[in-house]
Every structure is written in C-alpha cells, then in structure tokens.
Amino acid sequence: MNAIILTAAWGIIMMFGGVFFKTKARPKYWAVAGLFLIFIANFLELRSGEPFFAIDVKHMLSFNSFNLTFISVALGCTLLFFLLSGRDIERVGANVSEYFALIFFVLCGVCLAATFNTLLILFLGIEIMSIPLYVLTGSDKRNLKSNEASLKYFLMGVFSTGIMLMGIAFIYGGNSEGSFFINNINLGEGRMPVMIAIGLVFLMIAMSFKVSAAPFHFWTPDVYDGSPTVFTSFMATIVKIAGFIAFIRLFENSFGKIQNQWQMLIAIITAATLFIGNLTAVFQQSVKRMLAYSSIAQAGFMLLAIFALNDTAKEGLILYAAAYSLATIGLFAILIKLYDYTIDGFNGLGKQQPVLAVTATIFLLSLTGIPLTAGFQSKLFMLMAALRDGHQHWLVLFAVLCAAISAYYYFKIIQAMFFKEEGQNIRDHGSIAAGADISPAFKLLLIITAILIIVLGLFPTLITDWLHYIP
Amino acid sequence: MLGNDITIPHLLIFFPLVAGLITFFLKKEAWVKAWSLLTAIITLFVSLASIYYRNNLELSGLTFNYEWLKYMGASFAVSLDGMARLLTFLTAFSFPVIFIATYRNSYKNSKVFYGLMLLSQAGLMGVFLSSDALLFYFFWELALIPVYFLCSRWGGERRIPATFKFFIYTFTGSLLMLIGIIYVYLHTGATQFSDHSFSLQAFHSVLLIPSQQDWLFWLFFIAFAVKMPIFPFHTWQPDIYEQSSAAVTMVLSGVMVKMGLFGIIRWLLPMFPVAVGKFDNVIIWLSVTGMIYASLIALKQDDLKRLVAYSSIAHIGLMCAAIFTTRQMALEGVMIQMFSHGINIIGMWIVIELIEKQLGTRKISELRGLAHKAPVLTIMLVVIALANIALPLTNAFIGEFMMFGGLFKFNMWCAAVAGVSIILAAVYTLNMVQKVFYGEANALTATAREISLNEKIILSVIVMTIFMSGIYPQPFFELTKDTVAAIITKFK
Amino acid sequence: MPVYYYIFLAVALFSIGVIGVLIRRNAIIIFMCVELMLNAANLLLVAFSKMHHQALGSINPVSGSDAQIFVFFIMVVAAAEVSVGLAIIIMLYRNTHSVDVNFLNRLKN
Amino acid sequence: MNNTLQIVWLIPFLPLVGFLINGLGRNNLSKTLTGIIGSGVILASFLISVFVFFSVKSGNTHVAHYFDFINTPSLKVGFDFQTDQLSTLFLLIITGVGFLIHLYSTSYMHEEKPKDFAKYFSFLNLFIFSMLVLVMGGNYIIMFIGWEGVGLCSYLLIGYWFKNNDYNNAAKKAFIMNRVGDLGFLLAVFWLLSKLGTTDYHQVFALVSDPQKKVLSLFDITGITLLLFVGATGKSAQIPLYTWLPDAMAGPTPVSALIHAATMVTAGIYMIARSNILFTMAPATQSVVAIVGLATAILAATIALKQHDIKKVLAYSTVSQLGYMFLGLGVGAYTGAVFHVMTHAFFKALLFLGAGSVIHSMGGEQDIRNMGGLKKYMSITHLTFLLGCLAIAGMPPFSGFFSKDEILAATFAKNPVWWGIGVLGALMTAFYMFRLYAMTFLGKFRGTRDQEHHLHESPAAITFPLIILAILAVTGGWIGIPELFMHGGHRLEAFLEPIFAQSKEMAVKHEISNASEYLLMGISVLGALVALLYAWNKYSRYQKIEGEETGIGKVLAHKWYIDELYDSVIVKPLQLVAAFLSNVIEKNVIDGFVNGVGKAVNYGSRQIRLLQSGQVGTYVLLMVFGILILFIIQLFL
Amino acid sequence: MSIIEILFWFLSLLALGSATMVVASKSPVYCILYLILTFFAISGHYILLNAQFLAIVNIIVYAGAIMVLFLFVVMLMNLNADSEPHQKNKWLLYMGGIAGGSLLLVIVAALKQGAETGQLVQMNSGNIGLIKNLGMILFTDYVFPFEISSVLFLSAMVGAVVISKREV
C-alpha cells in the first residue's frame, strides 16, 4: 500500500517539480531521495505488515510477503537504475523531471500489477505501466528510430490491450459467480467451461505479450532497440519482471487448480521463447539489440516458473527478477557510456576501462548462469522448480541447451573486451562516447552491483527467505 | 563466517584463492612470480600435511561441514578421503613444478596470469574436496572459468576459437550434469531443515528406479566424458593443448582432465550402480576404440603438442575403461595412474616447452639430432617417454598393468584389443624420440644448447618421482585403499 | 434473448477490428480498428453483466453491475490511450510527413 | 630368512651400481676407469654367482623376499629373487660370458670418445642388471621387469651410434617387435592372475599341477602357454617375429655377441623352461612350439646359406639355433634345450667375438666376399673361430654335438619326420658355417691394398676372451654326456633334475633303443661332416663373381622377402588407416559434427531473424497465427 | 418477432456493416464517420440492454470526444482517399482476412460446444445500468480504482505534454 500511494504522490511531486527545478541535475536527486524513502516505507510494511495508510480497498489489492518482497526488489533495482543511469536520463531530452514523473507512475503501475486482486486492477495497473512507457520510448523526439519504436509499441500495445479485455470479458461471462475477483472464479468440475477456456487463452496471450514471450515478442527487439538506451534498460528489467509477477499471480490464484489443463500451452510458449530468443541473439551485431533478444531468452527461463507454479518457482522468480535486473541494468549502464554499440565497440575495453570491463564480465557471467553469480542460483531454482513439477522433462533439457547457446553470445562480448584489438574508429574516438563521463562514483556503483550479484550468488536466501517471512 | 576452526581442506581451497586475488593487485612481475611460487609451495606443504595426518584418528581436521543453504539442504561440506588426498596432492605438486619450469617465461600483465592460475588451482582443489553436490558443481564451473581466460588471453593465433569451442563444449556438458544433479536431489530424502539434501551421503544412498538411472547416467557421463575427454568427445583437446600457453596446457592435461575421472569415481559409480552395470560394456568398448583411434592418429601427428595430446587421450581412455570394469585391481590401478599420468604428461610438456623456447618450433619434421646438443634433455625426455609407454619400474607401468589386469578380468578380448595400443604407443613415442633427438643435427638444431640448471633440477625431480613411484608404489595404494574399497562394496 | 447472439456479435466486431489492424497501413485507422476491438469487449461485458443479473439478480440486486463499471473504466483508459496515441502519431507525422506504418522499417532483424 | 642366499640381491645390484656410476659420471671418468668399473662389477657378480652356484649345488634353493612391490587386496607381488638350479645356471652364463664380453669391449670400443665409451658401458651394465632380474625374478611380474628391461637395453645398444638413421630404425624395429611379444606375455600373466590370483612361480605351479582341483581348464592352459610362447617368439626371434634380430646386428659386435647371441635371445627359452609344467600340461602348445622352432631353424638356416655379411650369417645361425632350442622345449627335452642354451652361449659368443676381431682388423669391413686368407694374419682368431665352427656344426666331441644330439634324439622319439628336418637343418648349419669360415680365413685375400697391410692380430683384451670361450666351446658339452656313452655322465641333467621332475613324470615316455640312438647320431654327424667338407673345399677357392644371384638363390639372398611382406601387409596398411583416420574421420566426421552444430546455430540464427521484418502488419499477423494455434491446441486438442 | 428482436437484428447488422466499412473504405474521414455510426449502433444495444449510463457515456465520450479528436487529427494532416496508403502487399491482405476470419470461426466453433452460452440476457429491464446505482457502486466499492485511474490520466497528460511539446 505504502509503495502505491507514495509512488503516485511522488510522481506528482516530480511532475510539478519540472516548474521549480532550476538546474537539470536537481530532479535526479529528488527522484533518488524519494525513491529511497519509498523503498524504506515499503520495507517497513514488509517487516511490520502494517501500511501507513489504512485505506479500505474492498479486497481489490492483496498484500503478502511475496508481493511486498517483489516490490522491494523492483524498487531497489529502480533505485540502482537511477543511481547508475540518472546522468543519462538527463541527456535524453529537456523534460527531465517529467521523465522521472513518468517513471514513478510506471512504478505505481508495477506495484498495482504486483498486488492486484481483481482483473480490473490488473487491467488498470498494466495500463498505468504501459502508457508512460509509450511516451518514454518516444521521448527522443528528434530520433526517427525512437519515434518508430514508440508508435510500434503503442499500436501493438493497444492491440494486446484489446485481446486482454476480450479475455477478461470471457472470463467474466464464464464465471458463474459473476465477479472479477481472481480467486473467486468458478472453474467448474473436470474440464473447464469453454468461455473460461477462451478467456484464459486470451489472457495468457496478453500476458505473454507483456513479458515478450514468443510468438508475441515481436515488438520487443524493435522497441528496445529504438528507444533511448536508459529507458530500454528500465523497460527490459523492472517492467518486464512486473509483468511476470502479474502473470504468475493471475494464473496461480485463478487457474492454479486446473494447471494441468493449460500447462501444455505454457510449455509450448516457453520452448518457443527460449528457442527464438537465444537463436536470434546469436547473430546480432548491435549489443543493444542483442540484449533485447537476450531479455527474451531470459524471459523464456522465467516462464519456467509459470510452467511449474510451485513454491520453488515463486522463490526462483523473485530471485531471477533480482539477478536478471541487476545484471541487465549494470550492463546497460555500461553500454550507454560506449561510443559504439556494436560488439566491436567493446574491443579492447579491458585495457581502456578495466573496471567497466571486469564488472561487465561479472554481469555477463551472471546472465549466462555461471556459479558464484546470482544468475546461476536463479537458473538453478527455475530448473529445480520445473523438475519438481514432474511433467515435460524435455522442456528442462531444452532450456538447458538454450542456456548453452546463450553462453555463445554472452561470451562473444567478453572476448571482445579482453582478447580483441581495438578497431580503427575506436582508436580514434576511444571506447567511451563523447558526452559520457566515467566518474569514480559510477565505477564504485558498478562494483557494488557486481558484489551484490556475487553475494546473491552465494546466499540467495537473503531474498528468498523473505517469502516465508511472517510479520 | 566459515566456521570457527580453519581446517586443512579450507587451507587447500582458500589459500590459493585468497593469494590469487591478492596477486591481481601486485605491481612488479618479479614479485608476482615469487609470490605465486611461494603460495604454490606452501599449498604443497599443506597437502603433504594432509597426507601425513591421514592416520591419526581425529578426522575433524580433515572434514568440515557448514550449513550453507540450510533450507535447500546444501552445505559447504569438504572432506579429504584417500582419493581426494591423492588428487589434491597432485594439484599441489603440479603447480610449483609448473611455476618453476616456466619461471623464465614472461607474460603480458603477468599478475593476471598468475592470479588466474592460482584461482584455477583453488577451483580444482574445491572439485576434489567438496562432498556436496551443489558445491561440487560450483567448483566444477569455477575451475573452468579461469582456464577459459588463461587460454584465450595467452597462446597461439587460433587460441580464441579453440578456447571458445572448449568452453561451450564443456559448459554444455556441465549443464546437462546440473539437470542430473537437480533430479537426483529431488529424489533424496529429507533432512532436519530441508525436504531434500545435496550431501554426498544423500546422493550415494538415493534410490532410483533403473529407468531413471539410465538417462541420469548419461547426463552425468557426458559431462565427465567431455572433460576427460574420451572418444568421441575429444576434438576440443588437441586444439586447446596446441594453442594455449605451456603452463596452462600443463594444468589442463596434468590435473584438469582428472576432474572427469574423479567425477565418475566419486559421483557416477556410487549413484547409478544399475545403469553402470547396464552400460559398462558400451562405455568400455567406446574407450577402447578411443584408445586405438587416438593412438593411430598420434602416429600421424607432426606437432609435438598434438602428439602428446592424442597419446593422452589414449591413456585417459584406458583409465575410463578401467573404472567401468569396477574391478578392484583396475580401480587401484586407476588411482595410481591418475597421479602418474599427471606427472608424466607435465614432464612431457616441460620438455616440449624447452624445445620450443629454444628453437621456436614444435614440428617433428623440423627437428633432428638434438641429442648431440642437449644430452641431458634427451635423457630426461627418453625417461619420461618410456614412462609414457609404461615401461616397468616407471610409475605408469604399475597403473597400466593393474588396469589391464582388471580389464582382462572384465573381458579378455577387450584387454587384448586395448593391448594393441601399447604397441602403437611404443611406435609413435619411439618415432618421436628418434626423429627429434637422434640422427645428425640440422641447421636449426645446431643452434640448440643444453638446458639450464633449474630446468635440469625440475626435470630430475619429475624423473625421480617417476622412478620412486614406479619402484615403490605402495604408499599410493595405502592412501587410496579406503576409497577403492568403498566403491567395490557398491558393486559386490 | 440468448447471450450467444451478443457473443457472436461481439466476436464478429472484434474479428473485424483484427482484420482492420492486419490489412490497413494508416496508423490512425489501425488505431481506430483497435478502438473497435475495445468496443466489442465493452458490448460483450455489458451483455454478460445483464446475463449475470438475469441469473443472480434475485440473490444479489447489484449483481452484474461491476461489469458495467468495468466498461466505464475501459472507456477511461481508452480516452487516455487516445490522447497519448494521437500525440505519438502526430510527432511521427511531424518528422516523416507520413502515417504509413510500412515506412516504419528502420528497426528490423 | 637368514639364508646365505639372501645376498643374491648383490648380483644384480652391482651391475646397477656400475650403470649409475658410468652413466652419471660419464663426463668425468677416464676410459680406463670406466672399463675397470664396467667389467669389475660384472666380475664381482660372477664370483658371487659362482658362490651361489655351489651353495645351490649343495641342494640349497631359496626365494628371497625383499619388499612388497605391489601389495593390494587384489594383487600381491613381492619383489622376490628365486635362486634355484635353473636360475643359477643362467646366472653363471650371463655373468661369465658377460664379463668376458665386457673385457673384450674395453679394447674393441677404444676408439670411442670417453663420454660415449662410458655410455656404452653403462648401457651394457644396465643390460646385465635387467637380464639378471629376468632370470632371478621370483614371479612373472619381476621377470617381466627384466624382460622389458633387456628389450630396452638392446634398443639403446642397437641404436648406440644414433647418428645413423638405419641403426635407429633397426633399434626401433627390435623394440617394437619385442613389444608385440611382450603383449602376449602380459596377457598370459593377466590370464594367470585372473584365474589363480597370483604370479609366484611356486604357487602357480603348485596350483596348476595339483591333480585334485583343476583350477585351469585345458583351454586356459593352452591359451596361457600360447600367449607365453608369443612372448618368447618376440624375445627369442622365432617365426613370425624373428626379423628384428638380423637387423639388430647394427649394434657394436660385442653387443651382438652378448645380447643377440648369448643371453637375451635365450630369455624366451628360460621362460618356457621355467614354466615347463604349464607347457607339459598343454600338449597342443608343445607341438606348436616344436613346429615353430623347427620351421624357424630351417628357414633361418636356408637364409644363412646366401648371406655375405659375416654378422648376418651368424645372426641367422643364431635364429636357427634358437629354433633348435624351441624344438627341444617342444618335444619336452627341457634339459636339452637349456643345455643347448649354454653351449650355444659359448660358441656363438666366441664366433661373434671372433667375427668382431676380424671386422676390427678389416677396418669395419663386414662383407666376407672381400675377405679370405686371413688365417696367416690372425692365427688366434682363426683357430678359435674354427673351434667355434666345429662346435656349432655338431662335431663330436665339441660341445654343440652333445646338446644338439640330445634335442634331436628327443625329437626322434616324438616324431621321426621332425627329426629328419632337424637333421637337414644341422647339415645346412655345418655347410654355411664352413662356407663362412672358408671364405673368411682360407683362400687368398680379396680386400683392398690398405686393408691388407692394415691386417693384424687383435690385442690381448680381445684374444683372451676368445681363448677362454674357445676352451668352453670345446669342453662345455662334457657336463652332459649321454647315458649310453657314460653312465651318470649327464651331470647337468642331474643338476637340473628338481626343476623338470614334475614335467618328466607327467610327460609320456618314449624310450628309444641304444642301437637306434647310435644310428641317429651317426647319420647326423656324418651328414654334417660331408656338408662341412663340401663347403670347405668349395669356398676355400672362392672367387668374387659379380652379378645378382638367380632363382632360389635370389629368394634366399633376399631372406624369402619376409621383410617386404611384413612391410606391405602390416606397416603400409597401418599407415594408411592412420592417415585416413586423422585426415578424414577426425577432421571431417567427428570435429565436423561438432563444428557443424555451431554452424547450424549460426545459420538458424541468420534465418530466424528474418521473421523480425520490421513491419507491424507482419508482426500482428504472426501474433494472430500464434493466437490461432494456441486456441486450436487448447480448445480442440 | 418482438420489437426488441427487430431492433436487435437491425442494430447488429448496422454495427457489423458499418464496422466492415471502417475497414473497407478508402478515405480516413469516411472511416471515422463509419466508426461513429458503429458506436451509435453499440450504444443502441446498450439501451436495449437498459444500460443507459453506458449508452450515454459511449455517445458522449467515444462518439463525441474521442472520434472528434480523431477527426481533428485527420483534418490537421489533411489525409484523404488519394493520400491514403493502400495495402500493396496483396499477400498480407488475404492472409489478414483469412487470419481474422479463422479467429472468428475458431471461437464460434468453440462456443458451439459450450452449454452455458444458452443463458438468457435480461433485456430492457433491470436497473443496474441506471446512473444512480452505478454511481453508488462507483463511489463506494470502486472508489479505489477510480482514484487510481487519476494516476492514469496524469501520466497520459504528462506524456502528451512531453511528446508534443516543441523542444527549444
């Protein structure tokens, strides 16, 4: 509750702040401060179970350790994102505080998507998440790619909204209780009613679209590629994992009992996502685009949680969210600083910027899932969940082989950084882009992120234990 | 936070680890070398201590258990049994030898090189010491990563693709093993805090129906087979040996290939006795084919490193076959042979490295008559080569004799076919010796000179080891008999 | 009146919207077709609300009303989307003087 | 354990010390010192052996256990030395002849650089060490240590002049062919291990010969013995593995004398004699042994007829003589075989050393067509050589007569046809030996001028061993005088009785009457005499005739083309297969597959990214198709 | 055949027909007008279903505000039939038609199996659709979503500003 209200409120503050802030740098500090406070507030709620504001929401929201833990993770990652990339947000355009305001609104949507208890809130939350993103995607207005990305995102986004609404309508129609509450859906005995089934498929498709699961992922590469890199970083991490939380909560609470009736669909979607994501990423030359595809691939792994739908899966999903977000945010933060976004742009980074190179290596190792990094633990949890579920072992095998492919493209970057010689244009311009400065603070933050990843890799329980925390 | 008492296994793992991390921050190359050599030597002493204390009963110093992920049933459990002692000793012994042998070489930012070397040592130690499946997998990968960097950073022209292939190959294998580990884990019994457990005992006592064992067996086996490697998973090896720098090659071939064998003995055999009993023929014939195959290919190699690589594949094939006979004699042989093979092949690499450093080539066709210029080198090489073809009174004889004995017990035709590789080994080894060292010196080799003192010393250390363990192998058997007995009981 | 008439009507409208999205190239019209899809959903929801009211009205006098509230919120959201969407389209038109989505192929592969 | 024979470890240990001293100090020691050390240690161990011999003769046999070589639950191998009649006999031969040859070498190798001289002696000592381990080993594994060791030494010594590549090839050939044999030996040992769990001679023989419990089936025994015999063929140069021995003549002549005539090549015979019980229990193997031996004897003899290299002739004669020994073993005349080993060691070493002395004074010339008339230049060599020839030709009362006759007699008892062939071989032996003798020493000199005035008798260090050996060659046979000449004259048989006792009672007895035995002797001796005289007067006026041999002669001169046969049947195909594997299978099939996977991934990636066409329309279309598929699966499947 | 049914069929056909015309007709302006017509038809259905509030809102908000906004934009860009980009890619055209059609078919075919689709819909009676009742519910039970939707509007507003503000 705290997080929802405070993010909304702080979004408004940032919005008006645009009028008062004199310097361009000011909004960042406000945003960081505010987000920090929100993080604390949410953490206190997690600890005490008591929100500051006792608002009667008529059971439309549900707060439990799972949601709140996730919200803390999301807020924490966003905080890190502000700290690492705040400067680059300023470089996107003039309306800095508005950008921050929009991000806060998105966070509000994230919190709603994580805590919804009725389909109405789910719908609103996802919309609140999406609409500001259409804008942020297009925020680099001079840049045609940015415009294109935002229009594509918008058109396909509303299309998926339509599908989602259709699904909700059918669920409502099929639900003899005549209610939108997700844990109040009458699934009937044995095979579920046809209208429920149609609605379920529609909803599944809509959610798959939001988490960019194949074959509904097509918007992802273009949008991530086109939008300003800072916002790509935000979209690819916090928003995406929020989608996953919504996904798993919806399907666990409303359709968990009849999992066996739709598990096959998820299995197919998962396999397709893993396959397309990893395979397409192999050939990419632009790292930004490659990361877009890798985010699809990682989504494939996260889908295993929805496939398995047990406690391990939930723990794993949160852990995966944290690990994946940390690594990706860090990687993007480094990528933004570079002069050349292609893989060759990384050549010789190890010599020029050892700190960046080493931390980037740790992030990549985490994404690959090498032990000692959080990425490994999260993958371990996912595989464990999927195997524990006991159906469709082929999926696990397939996932692992795809993970092997992923090593192929992640390590191409590592090779470039350490073992390749710089190309001519790098030698002329240096690896780092003109405007970007590598402050010691930035390096320090990167190192902290890397350490976080390794600590989580050693002690994943630091996060997962909160799921079993009773205030 | 790792328990209140630091035990020998800890020293073996964390000493190289910490020292390696420190190495990254050293300035002068001289310091780096001295420091890492010192570390390696101290580690050697620690492992000697571990062997010395094997008889006194307080094992608390030799096993240690820290609840790591309590609710997952994973713990930081390390323990030293006979085989672990043997292999940690091999690791601890190889690194000083390698450091001294390559002391003259200078590397681009050597601190990174030596740091990574020490890290890989720590990883290897971990693999051999860990008695918890998750921990084992951790170290299994961690030993790989430094080597990946070592191989891609320092070496020949084609090193990067070669290393990449090596990495992807082994990584895929280990991921398959990961599935296997998780699957077995999910079938282990509950512990105090968790409903399953990763501990070695739990894994060894896990009950799996044959159909499960069958495919789990292959998941594990492929990972180990790639690592060893045995035919037909071996194609990464010659390239990587050829391309990577000498010191790394020594680590890879001397110690790292033992990971696969170790894994089979420590994990695969006890977990899936039924599947082993079912597939042993397949594996053994595969290995035997590999032996002949590799030996025949070795006949055709012109590059010394590739030649040794293929001969190593043949030897590993024999060990793998011997393990799967699950005959006591064979396993005893494997134990000692794991050590001997490490020593011999490291010796081989040292000699090759010396030749290449002097003459800048490894091509057999370009070398002739080195014996005139470098008699000592020649003698050393001949001894090592003879050990390589398992002449009696050299260390390799004991191992190979017992392995063949066990293989014969398993299936006499198998042993007969495998025996052909003994002859082939003699052929290619003697060819090599003759072409490289005998005959008239040519223009290139005329410039060769005798090896320096420290090289002489290190080679004679190796030769000493070869003879000592060849004439009086008893200590090795004493060291490893408990391990062997434990495994044999599984297959009674 | 049986509900499936409404269902078929709504699904038909929805499909027409989908077809429109598929075959038109003008961004604005595609957007309009999406609006059509939304309205199909609205119609369906209202029909269901009345259906449930028919079934459960005796037990709960306000049963089914929440669907109509939902429709209201859908209109709200639609309005918001329209404002943003048209802004985006105009921005693009400013830069490219076209609303043809087929010109949007700088990002591919 | 306080048996006097516990000290036998000294016998092999001293040569080892010599090896170490000479080997390590090769850069500092003077030639004289090296020679003294090298020969001295052998002399010392000879003396010890003599002591041991008398101790054994007084009926004291002993197995000395020093330490556990391998001691595991599955395998126990003690480092044991067994001293009994058989090993003692061999000890005497090895150390005795060995010492003489060391002595000889000090002068023969004197042109070498001190370093190489030391190397030579260290190798020689090492060889003696290994050979002693071989014969003293208390079980098959210790024996195998020596077995491989002597192979190694012969490799090192054949390739002693390592600058010459042909020599290296010869050395390699010797080693590899031995390895083939060794594999057989090893397999036999494994077989024993897997059946009996031990390789100690005592236990093995006790278990096997125990009539109550049949631990070994006939199949087992036959298999084991055949494999052992394969090992023997390798070491003792029998068909099919004999071709290395003639090439081994590349080594220095004393080496040929010691290793390739007197000692190492008899290891096979020793081994079979040692395990005589096994062989006696495997009649099939015995006949195989006999036939192979006989065939080798004849084949080698025929080849020897046409060789021109003095050492080659001797080499082939060695092969043929070894053949006789195997014939002896095959027909169960173990004593005879061992007897022949001993006598052969004397006269063949003598002949080789003589040949060496000739070569020495001919300045390295080995082709007998360029010799002749050396009688008047080097009288001692000539005389001793003649005695050697008579001995090998089996003229009574020279040693060769007794041993060979014993074997032939036993053969006749077993199978008259074999006997006939054996006698034929004996005739050939007489013929080619005297061809050799006549062409070398009789007639007039056919060499070059400076060779001629360089001719001289060799120094004492060379002649002394010749004389000793000559005496032995003449008298050596008298310890084995057949019963029918002198009752209890066969002192050797009496001495070796304990070793072969069991086999004797197992084997079926064939008694042949004295009359027929006299007859056989007469036939063989007369035949040999005729051949001898014919060769004598034919080749004493031998003129150099240019031009190739023709017909059968050519085949013989080319050694029945056996080398060529092996080359085209084994070596070349092997090379082809290896090339095929390394170039085709390895590169294209296996590695091709691995890389193929990578290529496939890249290709798939390149294709699949075309889905991402950038067209919203296409995206939505694909999405709708996805929706359709999911619907169909969910609703209709 | 009661008047309600006649109206139902009429409105349905009107809605479907005009919707088809939205997709089919060339000029964007016509499209918009047809869409408005469709909305009117749908509002008619609402009235049939006695959901008066929604009917009004639909007309005011949708047909009124939103569609006029569309119209303005189209006018602003003065798009007309000949400036309209028409689908050259016939393949995509047909595939689109087929895909949409089969979507309809699949769902209809699925629903045919379903039993629960036979339930009746309460026509022009029942008062849940009245502004009073909906208002009551909206400001009691649904006050939280109502508040939250303000965030939605805020973000939309900020977004529109960010997007369309000329940078200087």
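A, B, C, D and E label the chains in the order they appear, each numbered from 1.
Please note the rule applied: a contact is a pair of C-beta atoms (placed from the backbone, for glycine too) under 8 Å apart; a residue touches a chain by one contact, two chains touch by 3 or more.
Small disclaimer: the values here were computed from a predicted structure and weren't measured.
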Lowest number of touching-chain links that must be crossed from subunit A to subunit D: 1
Chain nearest the global centroid, as defined over all protein CA atoms shown: B
Most remote chain, CA-based centroid, reference being subunit E: D
Result of counting contacting C-beta pairs for D-E and A-C, higher pair: A-C
Rounded Å distance, subunit B centre to subunit D centre (Cα mean): 38
Length of the line joining the C-alpha centres of subunit B and subunit E, rounded to whole Å: 71
Rounded Å distance, subunit C centre to subunit D centre (Cα mean): 98
Computed distance of Cα centres, subunit E from subunit C, in Å: 6
Two or more partner chains touched - positions in subunit C: 3, 7, 17-18, 21-23, 25, 30, 42, 47, 49, 51, 55, 63-64, 66, 69, 73, 77, 80-81, 84, 88-89, 91, 101-102, 104, 106-108
Overlap residues in subunit E, where contacts from two or more other chains coincide: 87, 92, 95-96, 99-100, 103, 107, 110-111, 117, 141-142, 145, 149, 152, 155-156, 159-160, 163
Touching two or more other chains - residue numbers and ranges from subunit B: 168
Interchain pairs in contact, sorted by label: A-B, A-C, A-D, A-E, B-D, C-D, C-E, D-E
Interface residues, subunit B side, partner subunit D - complex: 165, 168-169, 232, 235-236, 293, 296-297, 299-301, 327-329, 332, 369, 371, 386, 391-393, 398, 401-402, 404-406, 408-409, 412, 415-416, 419-420, 422-423, 426-427, 430-431, 434, 437-440, 471-474, 477, 481, 485
In the complex with subunit E, residue positions of subunit D that touch it: 617-618, 621, 624-625, 627-628, 631-632, 635-636
Subunit B - residues contacting subunit A, complex: 69-71, 134, 137-138, 141-142, 145, 149, 152-153, 160, 164, 167-168, 171-172, 175-176, 178-179, 182-183, 185-186
Subunit C partner contacts - residues on subunit D that touch it in the complex: 609-610, 612-617, 620-621, 624
Subunit A-facing residues of subunit D, complex: 598, 601-602, 604-606, 608-609, 611-612, 614, 616, 618-620, 622-623, 625-627, 630-631, 633-635
